[in-house]
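Each of the two complexes below includes chain A, the first together with chain B, the second together with chain C.
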Partner chain A sequence: MIAGRVQPAPRVSRPRLFARGQRLLIYAILLIVLAAILFPIYWMATISLKLPREIYRQPSLWPKIVTLDNYRVLIEEKGFLTNIRNSLIVASSVTVLCLLIASFAAYSLVRFRYRFKGVIGRLILFAYLTPTSLLFIPLSIIVARLNLGNSLHGLIIVYLTFALPLSTWLLSGYFRSVPAELEEQAMVDGTTRIGALFRILLPLSAPGLVAVGIFTFTGAWNELLLALIFITSEDKRTVPLALQYLITGDVLLWGPIMAGAVLSAVPVVVLYLLAQRFMVQGMTHGSVKG
Partner chain B sequence: MAVIASRRPTERRVLLTFARRNALWGYLFVLPACAILLGLVAYPFFYAIFISFTSRVVGDPGEWVGLANFRYLFGWSSFTKAVRNTIVLVVVSDILKLVIGLGLALILNERIRGRGLFRSFMLLPWAMPAFVAFLTWRLLFMPIGGGINLLLSESGLYTDIIDWLGQRSTAMPAVIIATVWRGFPFWCISFLAALQTVPSELYEAAKIDGANAWQRFLAVTLPSIRQVILIVVLLSSIWTANSFENIWIMTQGGPSDATMVFPVLAYFGMQSQRLGEAAAVSVAMIPVLALLVIVVTTLMREDEA
Partner chain C sequence: MTGDSRITRRRFLGGVAGGGAAVLGGGRLAEALAAKSAPAVIQGGGKLTYWGGLIFSDEANQLLVDTINAWGKENGIETEVVMINQNETNQKVSAAVESGTMPDALDMGLDLLLLLSNTDQLVPLDDLYDRIGQAHGGWYESIDASASLFPGGRTGIPFGSSGNLLFSRRDVLEAKGLTPPPQTWQEVSDWSAQAQDPPLYGMGFALSNVGDGNLQISVLQSYGGRIADDEGKTVTIKSEETREYLQWVSDAYKAGLFPPGVTTWDGAGDNQAYLSGQAIFIANTGSVYLTAKEDDPELEAATHYAPLPAGPKGRISPINPNFRAIPKTSRDVEAAKALIEYLANPEFMEAYYNVAIYGPVLKGYEGFEVFTNPVHSGLLDLVKNGTAPGAPDVYNTAFADFSANFIVPKMVQRVVIDGVSLDDAMDEAQQQGQAIYDKYK
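== the complex of A and B ==
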């Protein structure tokens, strides 16, 4: 069942839970929550625009001088563009690989009948819920054995451990909501099963593919633990890794760190807000990592 | 189908081979995903259990030592603290997220002006990368340059500088605040989606029966979204118990293990090259984890059907 496809119940008849007098209290609560949500984001943005002396020596809630110097330091001195490039390579490769493999798997789980299907479906769910913190030690041994340590290729492969089960599970949900008749019709007309997948099911599930693609991309873009273990050389660091090394450095460079935080958050947040509508649908499956 | 039906004598055989070929294609399509998950999830999972029973260090596979690693863990103060901290972190942040998430969902389910705008703003903490959220919170709690101390002193509430993450009494509450900030939108949105599927007739019937708002909440709302609440609580507990970024970025488990949790302890164990013990740290939580996972997968598959 997908919430977005259900006709909403007529709004008119929904009873009011709150009396008029309580509304004021409600708005006060919402305002406080809003302030609590926005203050950290505001702080991140202003620190990224402040000069060091305004961050440490004369702190104030509002920046007096606005500067882009932190961004310059981050990009010119810390080589942040290399980190962005690495993250882009890893995240987009994981996304493409994942969408392809997961589409086949979800197609199989939703449209075909065979023994062990239930078992496989359940195992995929198990795989999704198996935490990375349980797998990273054996994975480090396996990756070293395959000579994939300290390489973006190795990172792309190990990221499939969390990306593939999630995308398969979510895509199965979308595929289930697409009626099978169109594919059956096409197959009666002589289309192969692969043709039915690529020419009918996938185009019809385009919104789902976009949403799952965004989840996969951001999941890989945000990952820290595995990157910390597998990447040892500076030129291969991804964005989260580069920023975490800035906090463990001798001098805390909060200006450039927050500049990096802003630069790495903005694309992801924009993608999320764009995909919001589809995300809520995906969430009725109760399976979106948050 | 019509074609098959018209050829009476061979119908059975055709159908049989169709089913068999169909199954074959099914297996073929699911094979790549299964192979990858077997190699990258199932194999490492059992390998981790195996390693936890050995004296493995980096560069030396070691030998079978039975339960020695686990016996060592239970006498090790960092480990017992990690157990206690993980429970505190999960339970306290779950309760806070439940109260805030459900409360806001109930409010946002009403006809409130500015509801859509608020909803978009509320998604921000969840939409931003976890490492960015926790970096920002680490900065906010800094004694110098941190926004929390500044906010407290500017508003006149408290003027002393507090090193929130540097002292044992405040480090865990600070981490919990950051974890709740980042996590509650997911709870709220999930609850909101569930609330919107509750038929309004149920509320009307309850109202006719004379139920007040609180009684309607207990009798209609809560039973209708019970399943979703349970799934969200369980999922979130699994994630929180295994989250690495929040602790690693904010405190690295310090000060003196006051915020130490399983994943960070396992990571430190790995850094000190003692893989057997490090694996035992992660493996020690499998029993509880397995229970949670089995319950939640059963619920999710019911929900899906």
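== the complex of A and C ==
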């Protein structure tokens, strides 16, 4: 009788078992990596919600008393919103100008033929590789002579000198991946070279532009040394500089510092979330070409 | 919770004297003072720029800004006061000297004053120095010795003195029957061994390559060791006295009396160790007192403040004065001098000391009430009985460079971390030190 027969237990094949184990192992490793990455961010956020005594004397994973006083101190007493505004002005301006100029520069390097093109391309890369700490004194002389010291537009110009070489190099790699025939076809159809650049090449290079834009924005947003040298007035300080000024002598105001770190991370995180797909695509394209 | 914090802040602010409160009330004191003693004629031209040294106390920073601006208003001089974080003064000044954008006057520490004086960047201020001294009871001897260290005259006007005091956890020590302060460094280590209970360790002293690590120079000197000879030219660090010091610090380290990580601490390491209840003893200039008073009054109440302990050969407790100076590129030296002279007036200085952790520099300031509180009285004692910077060694450019290269903390690290013998560690320090001193022969 069929009803009386004992059904054999379903057997899991050895390869499937192995695959399942492998997947579990991968998830376990990913979880550990995720925890290692997220824990400092979690710690930063919790410190920003703690009272000073709890930060020092009773460290705990979760604040016993949640307070927004650190944010109040930062915003009301330290004027941190002004610093965020300054950073937004500087980082956005640098990004827009950098994308515009680097696009032309990269286009020239990729599409035109002229003498010393290769040397110029390499020199651009060398300029990027020069450490900032070696350049700040010569730069300070130039900035002073041009009367650009202690101004946001001065800082924008200085940042451009560091952002442009890398951006040009990355965009060159990306532009090379777009067939020149597409632009030539557009020009046969009557558009100008500039028109082909704006209507064909740049739209097709959108992921690269986004990646370079985010990279430039993040670099300008986080920069400290040059801001420290060139900005003097309190109302012109950028975010990293304002956070640095929360350390006076040997005293670190951990609560406001961490609150500032949380607030200053928000714009960059939002930007990355919006553009992460382009970011990965753009960076990998640019990196393997050229 | 927020309310508690605010109340504490109010209590703190309420605890400081009336000068600070007047400043918080809109700079009225500053204006009153400016009107009271403004000089008759100043060659005011363009804007007078002043770089003040940013310190932990917001009230002190604001008082300086308000006072200078009020003085400028009274004298028809446009002023711009920029508070520069003292951690970054060297970078700012380096760039400003090169680009010719130095301010008309600025605050600085002794090391930078020495550097700028030796490179002929500063205006000699002997006349002003003497005038201020005579007007306010004279300079303390230790301050006068510090201001007169450099050949070619005085280029800085002292306005406040700091230096390390020994902070002790009175509650922990008294529970073990020990009454602070310990008189010698040997007592510090002995008491630490008796009283510590990890994670509360005894000796919260940095052994790393930061300014706090150079406290070990003073400890070494109190054991009789010397960095260089009396000429300040030949390094003499290898000695029996240095060996004795190294043996002491090595024994204490091996006995686990230092909190973990002291060899890599940054400048805030001792602050955080003490405030987080991980150290019984630290050496600190007063910032921990201000922080604890505001954020952890129980800890502040349980703290004993005293001069640094002595070694077998005496007590080395160096003062560290801060100065106002005028760069040679100043656009209006006379106005800058008038401002600095004005800032020495007792009304302003009393209000300033009330909210800043500095000891007095002029004997006329000694009667200020603030010098009766625990830390300020310790700083007053330091000014009267402390040792001159670098003493018994000669404080010169080579000594400053030697300190900036952290040769002594590195020597200690070689012993306690790398396990190098005392002789080899001293030999290395001797060679490294001599290479530095040879640069200035």
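FYI, the second predicted complex is superposed on the first by the 227 of 290 C-alpha atoms of A that agree within 3 Å, B and C clash if a C-alpha of one lies under 4 Å from a C-alpha of the other, contacts with A are read in each partner's own complex, and residues count from 1 in each chain.
Here is the rule we use: a residue touches a chain if its C-beta (ideal position, glycine included) is under 8 Å from a C-beta of that chain, and two chains touch if they have at least 3 such contacts.
Given the structure is predicted, the values throughout are model-derived calculations rather than measurements.
Novice: Between chain B (first) and chain C (second), which does A:L68 come into contact with in this model arrangement: first, second, both, or neither?
Specialist: Touch partner of A:L68: chain C, not chain B.
Novice: In the overlaid three-chain picture, which partner chain does A:T232 touch, first (chain B) or second (chain C), both, or neither?
Specialist: It touches chain C, and chain B stays clear.
Novice: Tell me the contact category for A:I41 with respect to chain B and chain C: first, second, both or neither.
Specialist: In the superposition, A:I41 contacts chain B only.
Novice: Which partner does A:A265 reach: the first (chain B), the second (chain C), both, or neither?
Specialist: Only chain B is touched by A:A265; chain C is not.
Novice: So, does A:P131 touch the first partner chain B, the second partner chain C, both, or neither?
Specialist: Only chain B; A:P131 stays clear of chain C.
Novice: Among the partners chain B and chain C, which is in contact with a greater number of residues of chain A?
Specialist: Of chain B and chain C, more residues of chain A lie in contact with B.
Novice: If you stack the two complexes on chain A, which partner ends up touching A:F104: first (chain B), second (chain C), both, or neither?
Specialist: Only chain B; A:F104 stays clear of chain C.
Novice: In the overlay, answer first, second, both or neither for which of chain B and chain C A:A186 touches.
Specialist: neither
Novice: Pick one for A:L51: touches chain B only (first), chain C only (second), both, or neither.
Specialist: second
Novice: Which partner does A:V96 contact after superposing on A: first (chain B), second (chain C), both, neither?
Specialist: A:V96 contacts neither chain B nor chain C.
Novice: Taking the stated contact definition, name every residue in chain A that is touched by chain B in one complex and by chain C in the other, in rising order.
Specialist: Touching chain B and chain C on chain A: residues 56, 59, 136-137, 140-141, 225, 228-229, 244, 247.
Novice: Please name which positions on chain A make contact with chain C in the complex.
Specialist: Contacts found on chain A: 51-53, 56-57, 59, 65-69, 72, 77, 136-137, 140-141, 143-145, 149, 225, 228-229, 232-234, 244-245, 247-252.
Novice: Can you check the complex and tell me which residues of chain B touch chain A?
Specialist: Contacts found on chain B: 1, 19, 22-23, 25-30, 32-34, 36-37, 40-45, 47-48, 51, 100, 103-104, 106-107, 109-112, 114, 118, 120-133, 135-140, 142, 144-145, 147, 150-151, 154, 181, 183, 185-187, 189-190, 193-194, 196-197, 199-200, 203-204, 207, 213, 216, 228, 231-232, 235-236, 238-239, 241-242, 244-245, 248-249, 262-263, 266-267, 270, 275, 278-279, 282-283, 285-286, 289, 293, 296-297, 299-301, 303-304.
Novice: With touch defined as at the start, can you tell me which chain C residues reach chain A in the complex?
Specialist: Touching chain A: residues 1-2, 4-6, 54-56, 58, 82-88, 91-92, 94-96, 98-101, 212, 267-268, 270-272, 275-277, 284-285, 287, 290-291, 294-296, 299 of chain C.
Novice: So in the complex, which bits of chain A are touching chain B?
Specialist: Touch list, chain A to chain B: 3, 6, 8-11, 13-18, 26-27, 29-30, 33-34, 36-41, 43-44, 47, 55-56, 59-61, 101-102, 104-105, 107-109, 111-115, 117, 120-127, 129-142, 157-158, 160-161, 164-165, 168, 173, 188, 193, 218, 221-222, 224-225, 228-229, 240, 243-244, 247, 254, 257-258, 261, 264-265, 268-269, 272-273, 276, 280, 283-290.
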